[in-house]
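In what comes next, chain A is part of two complexes: it sits with chain B in the first one and with chain C in the second one.
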Partner chain A sequence: MIAPFLIAYATVFAYPVYKMFALSFTDAPLVGEGQWVGFDNYIRLFHQKLFYTSVWNTGYFVVLTVIPNTLIGLGLALMVVRLKGWMQSLILVLFFIPYILPVSVVTQIWKWVLDQQFGIAQFIIEAFTGGRVSVFRDPIWAMPMVALVTVWWTNGFNLLLFIAGLRNIPHDYYEAAMLDGATRWQCFKRITWPLIWPVTALVLTLQLILQLKIFDQVYLLTEGGPFNSTYVLLQLVYREAFRSNHGGLGSAVAVILFVIIVVVSVLQYQLLRVRER
Partner chain B sequence: MRKLLKLAVSAAIALLPSAAAFAQTDITWWDFLSGGDGVRMKALIKEFNDTHPDIKINATTLEWGVPFYTKVQTSAAVGQQPDIMTYHMSRYPLAVPTGILRPFTDEELASAGIKKENYVDAAWKQATFDNKVYGIPFDVHSIVLYYNKTILKEAGLLGDDGLPKGLDGLDNFNAALDKIKATGKVEYPLSLHTDEGGSMWRVFYTLLSQQGAKFIDGDQILPGDAGVKALKTMANWVSSGYSPKLISYEASIALFTSGKAAMHVNGVWEVPTMTDLAKKGELGFEWGAIEIPNLLGAQATWADSHSFAVPNSESKPITPEKLKAVLQVIAWMNEHSISWASAGHIPAYKPVTDSKEFKEMQPNATYAKLADTAVFDPVSKLAGVAGPIYEATQNFVVPALNGQLDPEDAIDQMREELQSQQ
Partner chain C sequence: MPGKTIGNALLLILTLVIACTWAFPIYWAIVTSIKPEQDVVNKTTLFPDVFNFSAYYYALFETKLSTWYLNSIVTSVTVTVVVILISVMCAYALSQIVFPGRKLLYGIILASFMVPSQALVISQFVLMHKLNLINTWGGIILPQLIVPVVVIVYKQFFDSVPKELREAAKLDGCGEFQILFKLYLPLNWGITTALAIITYIMAWNAFLWPFLVTNSDDMMTITVGITQTRDAFGVKYARDMAVAILAAMPVAVAYLLFQKRVTQALMLSSGIKG
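And then the complex of A and B:
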């Protein structure tokens, strides 16, 4: 009975993962087999400045997105949950719409909005900086702007998860608290926050895994520039494997990203569970 | 089940004769030509299909650059490759070692009447490795200087022959930019797409070659300080306000076509854009195009060449019958490349460039001499359209050009980045 599952698991998950590890020890091109080279690919990577830049930038992006995205999702959910009936559905739809858009559409919209020549957001930027900024070509602005686009794009999903969590909290708790004269803040701190925590931990972990795999937005908005200030790990995989025809080296970067994701997400989930108790 | 099989077999037999009667060879064609030249290419394909009932080209235009070349490679791996594709000549050093291109034998070429001596020598050589021919050149294309005759005349920079004068040498050129600025008629004297790595590579490489310097010399990248000088020259145009800062490809063309910039550096492939606008009466000024002036010592211009190639697939190689048709297509395209020349390019097929018709074609005839001093990309795995050098240019030259990075620093970082990929 378990055979169909095993076959599916082996072909679509276990084998590709094994292949990724195996390839990373060879000098394979993009297509085809290569010679065994031991740890050469890894040694080469650890001597490459761009590798460290990519690790750093990926981390920076995670910091810019994961916690803000979770907090904004929770904040919006707390507001949306108070609405009633069709109004709530409408607002939910409005917040969820960006999430169903393909990444290419999202990046195109923001490229227009932030365009140096005619973008409408330049009025806001001008108010702060006194001049127009070509944000995706500026080393200081580029990464935060990619993060902003990402939060705008993916927040709808977190909002849904939080709404589901908030609806699971029985209304009686709040009623009882109100009768005892609890303030709104006390209600949030003593009831909502502890009871929503499991969902928060889940959202944080999902976000962490998702954002460590950042690629599309960077590729479409900044191409890793200017001067590598937005170069991320998955882009290094893409460059080595597809652009430079180094399948082996590309796999080595993929393995490192894989290990980082496993370690960081397990660590984070464990830490969050400690808090839960 | 048996019944079904019987039915299928009889249906197949019934279809056979009709298929034999229309022995038409279907050719899958991929290109990356989506601008004004794409329109001309589609017209050529249509003409071919209309005049050849036995061959049908099914053409698809894909996205230029990395997506195109990656797709070719992955599609060939699984046997889903096109039968013929356009390919940049500068990519051959990168492509041939990976085995992505199928070489043509001498007999195959001879059977289609394709002769080496009919093609521009430099281009033919670029596609030849170990005496094997991997592609047939179609054109030579380069960057040129587009200019607005009305503005230049006003600034006293137009000769009696309608060609700009006094642009040779960097000092003269910059003085000319000043004069144009002084007329107060334009926002910018010179429009460059300053946020686009590919375009800036063409300008940077032109300025580098004009100093007689090489980008790659042996295993050294950017030896000496010619790179810094080229980059400083470009950065100076931006910082002095002669050229717009961080502006996209489309916007920089619009600056020129709307009369807000007096001169514009771009590929010959934008000639159709100007021709078509002028024909519709939407340009509002007379325009011309000349070879990039000699600014830094020697006449030289970056150049590349479009060619035709056949992808090599181990899982599903091209059939001899299809290959025959493909070679016929290539030969026909080159023989009819005079209409390709109207897309701005200089045909690689000599009988066409020697023709009277081409010699009278404007503005091609004005800048066609640039083919003699054209400098192709370095022969290296790092070079070529959408290769590592393009990426490095986007990453380091563009910020330096726009004042976000020190030119010396940019060249150092570019050198280091490319060295690590050698």
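And then the complex of A and C:
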């Protein structure tokens, strides 16, 4: 009964994991055999400026998305959870619907909204900067805008988790606190925040791992430009393997990303366990 | 308390304003798509003066959208059916059948959470190339079949089914397959719909893998295809938006029809029971 899953698992999952490591020690092109070259690919990467740029940009993107996305999710959840009935459902749908859209649709919409000549968001940008900005062609604006689009796209999911967490807090706690004359802020600090912390930690973890894997939005919005200001690790994988035909080198980048994600997951898991005790 | 009522009303209005602002880009895309092309750039009105569906006509009948729709439907429906089928069988075995290496296998499946599928694209591509599956439905489908979280969610649900049911079925002479498909699956029908819908949405929305494994216009899924049309169109905003809306339609409809199930599945797969 487990055979179908096992066969699929071994073929398209376990074997590729092994193959990723194996390829990273060869000079293989994308398709075909290569020579064993030991750690050459890794050494080459550590001498490549674009590698450091990609690591830096991936980190920058993580900083721009993870904490804002978590805070906005929590903030919106606190507002939405107080509403009732169909009004709450309606508002939840409005916030959640971007999350189910395909990435190419999301980027298509935002390219139009932020279009330099006719984009409706340019009115807002003009109000602040005094001029129109071609946001995805400007090295300063590009990454924050990709982050903005990402937060818009993925926030619905965080919102959902927070609402579930808030609903689990027993109502009596607030009633008791109110009787004791606690203010709203005190209620939040003493009841909501400690009790919502496990969900917050979960959202942070999921976000961190998810955003380290950024590729689609960057590729579709900026293709890594301008001047590599939005070049990220997965894009380096894509470029080396699929554009420059360096399967080995591309795999080495993939291995590094893989290791980063495993380390982050394990660290987070340990940190959360300590917190729970 | 009148102060509280006013406070609540203000909060409601504020939330509503933020929610509408949040959803505005989607509204704006829809409005743009039903304006005549010259109005799109000349009249920045929040509501179209004339309803014009020529952008949709163009998108549906003068691009390869219908081919991409077909590819997307075939691949995402197949992915959904196979993922559910093989995962449910695996989960049932893990949960109910004692066999050597069961704990180890479960551990391995749990651990594969940490493997980012995006990092595997090179070796998966090489494999698909060896199997001659580049630019085929099979090539799009195969690497999407492993969704460890579906196995894990099913296993947890099967674990909580009372053991007596299974023993009674065994006494009646049912085989394992019969017990699974006639007893355990119907008992967990709700969670099956939830997981199926979310798998379908994820498969429909998949971008990176279909993008890498297809390079011919005729084999692309819709999410990949629509990113390739820009150049062919020149700058035609109404058409771009019509195409985007058509591409999102099958998931938007699925979500609106099964809202509760979608949210339930998402919470289960992230470890919060809904």
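Heads up, the rule we're going with is that the second predicted complex is superposed on the first by the 255 of 277 C-alpha atoms of A that agree within 3 Å, B and C clash if a C-alpha of one lies under 4 Å from a C-alpha of the other, contacts with A are read in each partner's own complex, and residues count from 1 in each chain.
We take it that a residue touches a chain if its C-beta (ideal position, glycine included) is under 8 Å from a C-beta of that chain, and two chains touch if they have at least 3 such contacts.
A quick note: this is a predicted structure, and the numbers were derived from the prediction, not measured.
Visitor: What is the contact status of A:Val31 with respect to chain B (first) and chain C (second): first, second, both, or neither?
Guide: Once the two structures are laid over each other on A, A:Val31 reaches both partners.
Visitor: A:Tyr173 contacts which: chain B (first), chain C (second), both, neither?
Guide: A:Tyr173: touches no partner chain.
Visitor: Between chain B (first) and chain C (second), which does A:Phe242 come into contact with in this model arrangement: first, second, both, or neither?
Guide: After superposing on A, A:Phe242 lies in contact with both chain B and chain C.
Visitor: Once the shared chain is lined up, is A:Pro98 touching chain B (first), chain C (second), both, or neither of them?
Guide: In the superposed model, A:Pro98 contacts chain C only, not chain B.
Visitor: Is A:Gly250 in contact with chain B, with chain C, with both, or with neither (first, second, both, neither)?
Guide: In the superposed model, A:Gly250 contacts chain C only, not chain B.
Visitor: Which holds for A:Tyr60: it touches chain B only (first), chain C only (second), both, or neither?
Guide: neither
Visitor: Taking the superposition on A as described, I'd like to know which of chain B and chain C A:Val80 touches: first, second, both or neither.
Guide: In the superposition, A:Val80 contacts chain C only.
Visitor: According to the contact criterion defined above, which of chain B and chain C contacts more residues of chain A?
Guide: For chain A, the partner with the higher number of touched residues is C.
Visitor: Figure out whether A:Trp197 sits in contact with chain B (first) or chain C (second), or with both, or with neither.
Guide: Neither: A:Trp197 stays clear of chain B and chain C.
Visitor: Hey, what residues of chain A end up touching chain B and chain C alike?
Guide: Common interface on chain A, chain B vs chain C: 30-31, 117, 242.
Visitor: Under the touch definition given earlier, write down the residues of chain A that touch chain C in their complex.
Guide: Checking each residue of chain A against chain C gives 1-2, 4-6, 8-9, 11-13, 15-17, 19-20, 23, 30-31, 76, 79-80, 82-83, 87, 89-91, 93-98, 100-105, 107-110, 112-113, 115, 117-118, 120, 152, 157, 160-161, 164-165, 199, 202, 206, 209, 212-213, 215-216, 220, 234, 237-238, 241-242, 247, 250-251, 254-255, 257-258, 261-262, 265-266.
Visitor: State the interface residues of chain A toward chain B in the complex, per the touch definition above.
Guide: Residues 29-32, 47-50, 116-117, 134, 137-139, 223-228, 239, 242-245 of chain A touch chain B in their complex.
Visitor: Touching residues of chain C toward chain A in the complex: what are they?
Guide: My answer: residues 8, 11-12, 14-16, 18-20, 22-23, 25-26, 28-29, 32, 40-41, 44, 85-87, 89-90, 92-94, 97, 105, 109, 112-116, 118-127, 129, 142-143, 145-146, 151, 176-177, 180, 201, 204-205, 207-208, 212, 222-224, 226-227, 237, 240-241, 243-245, 247-248, 251-252, 255-256, 259, 262-263, 266-267, 270-272, 274.
Visitor: Considering the complex alone, what residue numbers of chain B touch chain A?
Guide: Listed in rising order, the residues of chain B that touch chain A are 66, 70, 73-74, 76-77, 94, 98, 195, 197, 245-247, 251, 381, 386-388, 391, 394-396, 398-399, 402, 404-405, 410, 413, 416-417, 420-421.
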